[in-house]
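Two complexes are shown next, each including chain A; its partner changes from chain B in the first to chain C in the second.
And then the complex of A and B:
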């Protein structure tokens, strides 16, 4: 009969907590960067300058359609070849933010497209500039629409961050994996890991709902 | 005040406006009428540059709207435009909708803008709804707020793009009354409308568009009782059931 070794988990908890810390650190920084990248992409795409939009489009497709793990290795093992030596954590953050940023930019684009052109015309008709219209009128409305899928992207980011353990970043997955393999505590460590990841993503889901409720437009039909 | 000189507008191969020239004086109230798709809304949006003309020139006072280096934001802050669908910003309260452009474009202090917003809401009879959101208003209320929002920029000219087409008769009257009040205050107005009674009573000039052309232009009395063009007569007979 298999015995679940709780004692082992408790003993390794200090290591696990360190791993959690690093996972949270990487996820939070990458989320902020990813959102900034997404905004930049969405904005550059609206400039309608052909070379810019073509390059952005190419970058989006390349990033979206290749495995994150490969991108991770390109930054980690490839960049030193051109003289850029970055720490593993930096590589992890760069690849996660670019990868997630591209997905968020697509979400953002869909959100912006769903705002009626008349809103844009009304804002411009009042004398607001293009940037003011984006910042004050169309973006705030699009943001409200995309909060649920945006939350999903941040949840994906937390889960995807486990891949950085492949390039020797001692994040939560690394700690879990090491314990599992070194001490043959597969079941204990992976179950524990799953529960912790669920707790982390659960926090994001909770706040996503909260923000959605908070930003709800009064009287708007169809909002949940 | 407004001079439109031989403007053309086409989308791909469709000619929306063909060689339209017109002039509007200060304080004039112009009703623009004509069948759907005749180009009257496009004509209106060309005046403040929301649509770009393909050819021709438009002047407001001495500024050329159609010049490539013109500051359209400045022109638009002086020329208000009202839409059929009101287009209030749904994520802002009524008061915030009105304060937005004065604060962000004219850089008026918030307190002053708020006072102005209250005064304008009072004027259009919507002061009690200042804290509501657009989705909580009826169509007539929303359009009156939209009028207040335009007036907050203290425009020289107001353009109306079928302001009552989405409203039921009661709400239509609410909005028309507000517009009549504006007319009495001496506002220069160009109104694209299907409200023939408004055109008759309030306007002092009618422009009739058909298939992208400005077919006829005259004072209401002459336009409705003694139209010059056969196209106008046909329109008045078939659409408005008038005996002409």
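And then the complex of A and C:
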């Protein structure tokens, strides 16, 4: 029978905490960047300049339909070729935020499309500019609708951040993997890792629910 | 640029792609079956069963896939089989375990969207729970769920690249093996990315097409054909 060694978990706890710190750091920075990228993409796609929308569309489709692992490798090995020597953490953040940003931009687009067209026309009729319409009228409404899918994208981001350990970033998954493979503590490390990842994603899910409840417009059931 | 690396190792890359496609298709079939079972269990009215299925779904959905792949390969399989399993087996099992939770959520959403009238009508015809599921509810729910399922399976195909991390020589790993020898990473990586893009992109175009075509229309076409036959 397998003997569960709880002492090992306690001994390796300082390393695990460091790993958690790095995972949270990468996730937070990437989610902020991803949201900014998503807003930019969603806005650029709504400007009707043909070359811009075509290029953005191509980038979105390319990013959505290739594995994140390959993208990580491409940014990690490819950026030095154009003279950008970044640390592995920076490469990880760049690829994670681009990948998640593209997915969030699709969510945003669905949210913006669900806003009735009359709202847009009315705003333009009141003399608001394109950016003002976006900022003051359509975006605040779309944001309320997209909060649940947005939350699940951030949860995916936390889970995807485990892949940066393959470009030599010592994040939570790296610590767990090293402990498991070097010291043969598979079940200890698996259960610890599972609990920590569940806690991290659980926190995001909790706050998503909270914000959704807080921002809800009374009497309006919103969903895409 | 060193694009000739690709042509020189084309057979090797294609054998890797074959492994990827095998792994993906087996995992799609497995996770579809397991996902439907878990989704139906989650939807059931018996509290214990639906709680257990819900716990499995929530547990699986909150953990990275790579954790499953590594620990099923190095931890669980040796414990169950008393010997190391093949890379392919572990990767396939991990993908099925992981994706079936997502499929189960989609199935639950589909089942919840069924109009209560259908269920009442089936009940009044004297169909038992099993017959209702097989003949009435699941066919409607599955047609509604098809776009969501296709996009889930697209991410499954992308996720097969993670099997390279335990050493399965699939598409990604075969590319890695080549550029570890030649040191020209970028060309191979771009080729791999474009191949994945071709496969997944065509599938997502298919899913968009399915989305724009509501299931009702297809049913009415079928009805028309039936009428012509009769």
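The rule we apply is simple: the second predicted complex is superposed on the first by the 220 of 224 C-alpha atoms of A that agree within 3 Å, B and C clash if a C-alpha of one lies under 4 Å from a C-alpha of the other, contacts with A are read in each partner's own complex, and residues count from 1 in each chain.
The working rule: a contact is a pair of C-beta atoms (placed from the backbone, for glycine too) under 8 Å apart; a residue touches a chain by one contact, two chains touch by 3 or more.
No experiment lies behind these values; they were computed from the predicted model shown.
Chemist: For A:40, using the defined touch cut-off, is the partner it touches chain B, chain C, both, or neither? Pick first, second, both or neither.
Modeler: So A:40 meets neither chain B nor chain C here.
Chemist: Between chain B (first) and chain C (second), which, if any, makes contact with A:213: first, second, both or neither?
Modeler: So A:213 meets neither chain B nor chain C here.
Chemist: Applying the document's definition of touch, where does A:181 land relative to chain B and chain C: first, second, both, or neither?
Modeler: In the superposed model, A:181 contacts chain C only, not chain B.
Chemist: In the superposed arrangement, does A:113 touch chain B (first), chain C (second), both or neither?
Modeler: Neither chain B nor chain C is touched by A:113.
Chemist: Figure out whether A:124 sits in contact with chain B (first) or chain C (second), or with both, or with neither.
Modeler: Touch status of A:124: first partner only.
Chemist: Figure out whether A:69 sits in contact with chain B (first) or chain C (second), or with both, or with neither.
Modeler: So A:69 only meets chain C here.
Chemist: Please indicate which partner A:193 is in contact with in the superposed arrangement: first for chain B, second for chain C, both, or neither.
Modeler: Once the two structures are laid over each other on A, A:193 reaches chain C alone.
Chemist: Hey, is it chain B or chain C that touches more of chain A?
Modeler: Per-residue touch count on chain A favours C.
Chemist: Where on chain B does chain A make contact in their complex?
Modeler: Touching chain A: residues 45, 48, 50, 72-74, 76-78, 80-81, 83, 85, 87-91, 100-101, 104-105, 132-136, 149-150, 153 of chain B.
Chemist: Where on chain A is chain C touching in the complex?
Modeler: Touch list, chain A to chain C: 2, 61-62, 64-71, 73-74, 77-78, 81, 155, 159-160, 162-163, 166, 173, 176-177, 180-181, 186-187, 190, 193-194, 197-198, 201-202.
Chemist: Hey, which residues of chain A end up touching chain B in the complex?
Modeler: By the definition above, chain A touches chain B via 116, 118-119, 121-129, 132, 136-137, 140-141, 144, 217-221.
Chemist: Would you tell me which residues of chain C are touching chain A in their complex?
Modeler: Of all residues in chain C, those touching chain A are 59, 62-67, 70-71, 74-75, 79, 154, 158-159, 161-162, 164-165, 172, 185-186, 189-190, 192-193, 196-197, 200-201, 204.
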